[in-house]
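Please find the structures below.
Heads up, the next two complexes both have subunit A, just with different partners, subunit B and then subunit C.
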Partner chain A sequence: MDSFTAITLAVFLPFILAGILPVVEKLLKNRIGWYAAAVAFLSLVLVAQVAPTVIHGESIQGSITWIPSLGIDLSFYGDGLSVMFGIIVSTIGIIIMSYSNGYMSKREDLPRYYQQLLFFMGSMLGMVFSANLIQLFIFWELTSITSFMLIGYWRNRPMSVYGATKSLLITATGGLFMLAGFLVLHAITGTFDIPTILHSESMIEFIKGHELFLLALILIFIGAASKSAQGPFYVWLPNAMEAPTPVSAFLHSATMVKAGIYLVARIHPIFSGTDAWFILVSGVGIITMIMAGFLAFRQTDIKGILAYSTISQLAYLMTMYGYTTLHHPGIGVAAATFHLLNHATFKASLFLVAGIVAHETATRDITKMGGLRKEMPITFILATIGALAMAGIPPLNGFLSKEMFYEASYEMGHLLGGPFTYLIPALAVLGGVLTFAYSIKLIDGIFLGKRPSHGLPEHIHDPGWTMIVPTAFLAVLIILFGLVPSIPSHYIVQPAVESILLEPVDLHVQLWHGFTPALMMTIATFILGILIYTRYDSIAAWQNRFNSRHPMLSVNYLYDATVNNAKNVTFGFSSRMQPGNIKTYVIALLLLMIALFMIPVVFLTADIIPSTLNFDIPLYEGILFLFMIIAGLGAALLPRYVPAIISLSGLGYLVSLLFIYLSAPDLALTQILVETLSTIIFLLAIVKIPQKFREHVTPAVLTRDLLIASAVALTVFVLLINATQGIVAFESLSHYFIENSLPLAGGHNIVNVIIVDFRGYDTLGEISVLCLAAFGVYNLIHSRGEEE
Partner chain B sequence: MTTTITKTVTKICLPLVILFSISLLLAGHNNPGGGFIGGVMFASVIALTYVVFGLDYIKSFFDPDWGKWFAFGLILASLTAFAAIPFGHNFFRSAVEFVHLPFFGEVELVSAGLFDIGVYFVVIGSLLFIFKNVGDDE
Partner chain C sequence: MNNTLLSLTIAILFGIGTFLVLRRDILRIIIGLSVLSHAVNLLIVSTGAFAGTRVPIITEDGGHGASEATGTIFNDVLAENTLAPITAAGHTVNFVDPLVQALVLTAIVISLAVTAFILILAYRIYEEYGTTDINELRRLWG
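Entry: the complex of A and B
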């Protein structure tokens, strides 16, 4: 199998195999989680097949024609960065889906859950392997949509719905900004193809000198920041914690939120090396890193702490990718890429531990916990490994990448010089100190200290192996990556770094590398971290006091106010547009019809009523018309429903009689049948509504209605006269069908041939509408009953 | 509506009208008729029996799920639309074939006819689905 096929299959198999999940559920019952894990494993194998090529510094590319007129193909591009993301997504996917077997209750709607997880995984893989900006955008938004569904998995909980809506509004809107940025980039380069831009130095130079450069960068960065919960957009991530915990571990810590980081890394070669890149990416990163780390203190929900820590850790990555100067375009790239991998391992493992704890204690409130180490020894060990890795304790993998972060910050500070020499390293250390403090809080708050006397179930124990093994696997990775960093750095991180920097890189990561400034910074972090931890509760209390004193000083307040105002405005608008009074709608429609037909006729036609009219009507047709007029008047004037309806349907039958006179048996037949059926349905419906037919009508309203009715009659009259005898605006289409219906479609009945053959696509649409109308009637009838 | 005369007439009409609707459906390609008219005719006569004999009485021994009828029709129509693609033709390309059958003589088989049968079922299914739901409504 060639590499392009492998990537295409890795992306689309999750979608296809998720599609048949309801069938698989019949066979496997509630063990379909293992099926989903197997699908993820398949994707991993396919991605891994591409890895050897990529490790040698080559890239893979291929495409299938999709929308040639717009220059958009279904095309995939695999380099070190995509493969690293592909491996992270599919590996964490296997872990999450296996873990879910233990976490999700058998009573849950498992097919929906796993289907959405697999859809998400496919979209994420599609996103990272996209070679085309438009395709990248489509998969990007697909991850937003699947995330929306998964956050709102428990549909009847208001907070789930709130969190899901919030995440969709923020990330999807950000995605639209990103799309606008891509279009600006297209305006500069004239291509949507990512490798074309990446591999052309002249084009990159051209982009950097272009006047739209800043606009493109800002628009794309808004997309990345909203997805990765950076800057003011962070507010959706804490609410996304309403999702089932495995989902939070998968989407909202290890993979989906890293899509923004992926985008920043992907466009790094194009935009970095400029002041704007450093100020925007590192600036937003540093502010988010410190704010989120600080705000984590106030959280009492363990998933809340993890959410803020995720925001803060993602901000680390942003900051590092942002480190750039004109001559050193990628100072923090290696550190960021390595930390990205490490963060996926330790944060996912911490979320899984949080899931275990919540599963066993039935609460996520850290203030109600304590002293669980004796009852859950295995969980305690796994949690400690994860939290210490996050805090940056050697010899775990978090320590290594944090050292590299400090190193990069130190270098960046020195390259910038001036006040930045100490400011940037100091801010980096501050971020590390906050991380250290809340990491320790997780262990201390849940597992150490004394068990609270009430609020916890009596018997708490470690969970079954389905939940332990996946978590333990991550813990093993944390230790392995820490002790033998050359394995991940050589096989995964180095190719990724090379594909970001577009040049060969020799990456050496070691546990011990002497008394460097980075080591000093680490030691300072531990000391300050312990100091701050002693004041942890008072800082949290201060934050709570501040919040209750200034409730309007928060992004959440802004979000809620905006959404509520939007709701009110649109509600007011739609209640004016749709007052529910049928007469209003009919009047609007009729007036529009009069305007649409009469304006062109009056302005474009010399004589509105052609002079060649032939008023020579045979007597029997005249009598027919007379009856039609009587029936029409009857329908309008009769005082009760049933006679009025009968009169109306009489009019219909008379019209079909007219069709027979005009030798159109098809139309006559159709008219009779439709008239019969509609009369019956009309009568059935009418007997059920109050029989008060005549409402009181004021003379003014009556005059208005009469005027409109007369105008409509006049319009139809003018239209018919012009259509049959007056000016012909276009050549009639019927000649074509008359000539071609037999030779092309083999039918003598032209009307039928048009319906089923020439215009078959239209008919398919029409019968689909008919089915929808049937469902609509069903819903109208049945939902009305519920409201009462 | 439930006089003996209407009941008797309906009983006689029912099979005739159904046969006529089928003949309209099949003749549609060359003579007046087609899936739509045939479907409406079928639906009308069933509606008539519902009205004359009472919905509940008819339902006690004849109660198909009309929703399935229109689902079947829509699937059939969509499949015929797609059927040309595996043979390398465009979406909605139709085929005409003349077959000589022993009893009927020369018979024209048109793939568009299958599409028309789909239309027939959609029309019957959706109209009677609406009719039954409106009629059932308390």
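Entry: the complex of A and C
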């Protein structure tokens, strides 16, 4: 199988195999989680097929024509970065699907759950392998939508609905900004194809010099920041914790929230090396890193702590990808890419531990827990490995990438010089200190100390192997990556870094690398971290006090106010636009029609009433017209139904008479038949409807309706007078029918030939309408019979 | 046929139909729709008929439409990018435009179907709610 086919299958198989899940459920019952895990495994195998090519520093590419006129193809591109993401997504996918077997109750709607997870996995794989910006955007929004559905999985919980809506509003809006950025990029380069831009140095130079450079960068970065919960957009992620915990582990820590990071890494070669890139990406990153790390203290929900920690960790990655100077475009790329991989392992494992704890203790409130190490020894060990990796304790993988982060920060600070020499490393250490503190809090709060006397179930124990094994697998990875960093760095990280920097790199990651500044920073982190941790609870209490004193100083307040206002405004708008009274709609439509017809006539025609009007009139015509008007007025004014209908019927016969004058014998015949029939139907209906209601028309209503009716009449008159002045803008179709009626269809009556031959399908449609009406009439009458 | 007065008649029928559609009684509205459909049909057919035109039926005595040298119903000079009168000077018009007639023929039949359907609907509404006043119905539906 060639690489392109493998990637296409890896992306689309989850969608297809998710589609048949309801059928599979019939066979496997509540074991379909294993089926879903198998699908994820299949994707992993397919992605791994591509890996050998990519490790050698090559990229693969292929496309299927989709919308050639817009330059949009279904095209996939696989390089080190995409393959790394592909491996993370499918591996974590296997772990999550297996774990869900134990976590999700059998009473849940399992097919829907796994279907959405698989849809998400396919979308995520599609996104990272997209070679086309528009295709990337489509998959990007698909991940937002699947995330929305999964956060709102428990549809009857108000907080789930709130969290789902919030995440969709923020990430999808950000996605639209990103799309706008892509369009700006297209305006600059003329292509949507990512590899074309990446592999052309001249094009990248041109983009950097272009006046729209900053606009494109800001728009795309808003998309990335909203998806990765950076800056003010972070607010959706804590509320997304309403999702089932495996979903949080999968989407909201390990993969989907890294889509923004992926985007930043993907566009790194295009935009980095400029001041704007550093200020925007690293600036937002550093602020978010410290703010989110600080806010994590206040959280009492385990998943809340993890959510803020995820925001903070993603901000690390942003910061590192943002480190750039003109001559050193990618200072933090290696560190960021390695940390991205490590974060996926330890954060997912911590979420899975949180899921286990919540599953066994029926609470997620850390203040109600403590001393669980004796009852859940295995969980305790797994949690400790994850938390220590996050805190950056050697020899775990988090230590390595945090060292690299410090090293990059130190280098960046020194390259910038001035106050930045110490400021940037100091801020990096501050971020690390906060991370250290809440990581310790997780272990201490849940497992150490004394078991609270009440609030927890009496018998708490480690869960079954379906939940332990996937978590343990991640813990093994954490230790393995820490002890033997050459494995991940050589096979996964190095190709990814090469594809971001677009040049060969030699990546060496070692546990021990001497007394470097980074090691000093790490030691400082541990000391300060322990100091801060002793004050942990008082800091949290201060935050709570501050928050209750200044409730308006929060992004959530702004979001809620905006959304609630929007609800009120749109409700007011729609209740004004849709008053429900039919007459209002009719009047609005009529006035619109008058305006639409009259405006062009007034502006385009020299005389609204042409001077060539002909009022000479043969007597018989005058009589016919007069009778028609009288019959029409009779239908309108006669107070009783039956005379009005007879008058209407008279009007119909007069119309057929007029058709004869207009040289339309077929119409006259049809009109006579139809008029007869409809008069009969009218009279049949009238017999059953006694005339009880008599509208009392007030003078005001009468005046208004007469004005509208006159305006319509005037419009039609002006239109008709001008239309029959003989101005045609398009060639008439009638030539064809007149010329070909006899030779092609062998019919002398041209109208009949059109009806039954040239436009036979239209007539078929007409017959269908008659049929439908007949069915409708039958059913309406029939439904009455049932009720009686 | 006299176009100005024909147009006036059609316009008046439109006015009458509009006035009826704005009533509150469902049956008046249905009558109004019927009047309006008559008016629309006449409007369309009248745009294809001109003084001196014949019924669009090809007869054996040589009325062969465009193939005849006597002229065609339309003389479009769009190729020269100008708007031309439908009947160019010096051309005689043979046939009434058959296409508009075909359109209206379909319309007449469909309006019968629609009228029948909404009449039965009105009848059922009356049966269910005991009134034909749309304002009263709206109140009953809530």
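The rule is simple: the second predicted complex is superposed on the first by the 594 of 788 C-alpha atoms of A that agree within 3 Å, B and C clash if a C-alpha of one lies under 4 Å from a C-alpha of the other, contacts with A are read in each partner's own complex, and residues count from 1 in each chain.
Criterion: contacts are C-beta pairs under 8 Å (C-beta built on N, C-alpha and C of every residue); 3 or more make two chains touch, one makes a residue touch a chain.
Everything quoted here is computed from the prediction, not taken from an experiment.
Look at A:733 in the shared chain and tell me whether it touches subunit B only, subunit C only, both, or neither; answer first, second, both or neither.
Touch partner of A:733: subunit C, not subunit B.
After the superposition on A, what does A:708 contact: first (subunit B), second (subunit C), both or neither?
Only subunit C is touched by A:708; subunit B is not.
Thinking of the overlay built on chain A, is A:674 touched by subunit B (first), by subunit C (second), by both, or by neither?
both
Check the residue A:781 against both partner chains and state whether it touches subunit B (first), subunit C (second), both, or neither.
both
Applying the touch criterion given at the start, work out whether A:56 contacts subunit B, subunit C, both or neither, answering first, second, both or neither.
In the superposed model, A:56 contacts neither subunit B nor subunit C.
Report for A:632: first if it touches subunit B alone, second if subunit C alone, otherwise both or neither.
second
Subunit B or subunit C: which reaches more residues on subunit A?
The partner making contact with more of subunit A's residues is C.
Can A:549 be said to touch subunit B (first), subunit C (second), both, or neither?
Neither: A:549 stays clear of subunit B and subunit C.
Contact-wise, after the overlay, does A:750 reach subunit B, subunit C, both or neither (first, second, both, neither)?
Only subunit C; A:750 stays clear of subunit B.
In the overlay, answer first, second, both or neither for which of subunit B and subunit C A:645 touches.
In the superposed model, A:645 contacts subunit C only, not subunit B.
In the superposed view, which residues of subunit A touch subunit B and also subunit C?
665-666, 670, 674, 677, 681, 685, 688, 748-749, 751, 755, 763, 770, 773-774, 777, 781.
Residues of subunit A touching subunit B in their complex?
It comes out as residues 665-666, 669-670, 673-674, 676-677, 680-681, 684-685, 688, 745-749, 751-753, 755-757, 760-761, 763-764, 767-768, 770-771, 773-774, 777-778, 781-782.
Applying the document's contact rule, which stretches of subunit B touch subunit A when the two form their complex?
The contact residues of subunit B facing subunit A are 24, 28-37, 40-41, 43-44, 47-48, 51, 67, 70-71, 73-74, 77-78, 81, 91-92, 94, 96, 108, 110, 112-113, 115-116, 118-119, 122-123, 125-127, 129-131, 133-135, 137.
Using the touch definition up top, name the residues of subunit C that touch subunit A in the complex.
Answer in residue numbers: 1-25, 27-28, 31-32, 34-35, 38-39, 41-43, 45-49, 53-59, 64-67, 72-74, 76, 78, 83-87, 94-99, 101-102, 104-106, 108-117, 119-124, 126-127, 131-136, 138.
Using the touch definition up top, name the residues of subunit A that touch subunit C in the complex.
580-583, 586-587, 590, 613-618, 621-622, 625, 628-629, 632-633, 635-636, 641, 644-645, 648, 651-652, 655, 658-659, 661-667, 670-671, 674, 677-678, 681-682, 685-686, 688-689, 692-695, 705-706, 708-710, 712-714, 716-717, 720-721, 723-724, 726-735, 737-739, 741-742, 748-751, 754-755, 759, 762-763, 766, 769-770, 772-774, 776-777, 780-781, 783-784
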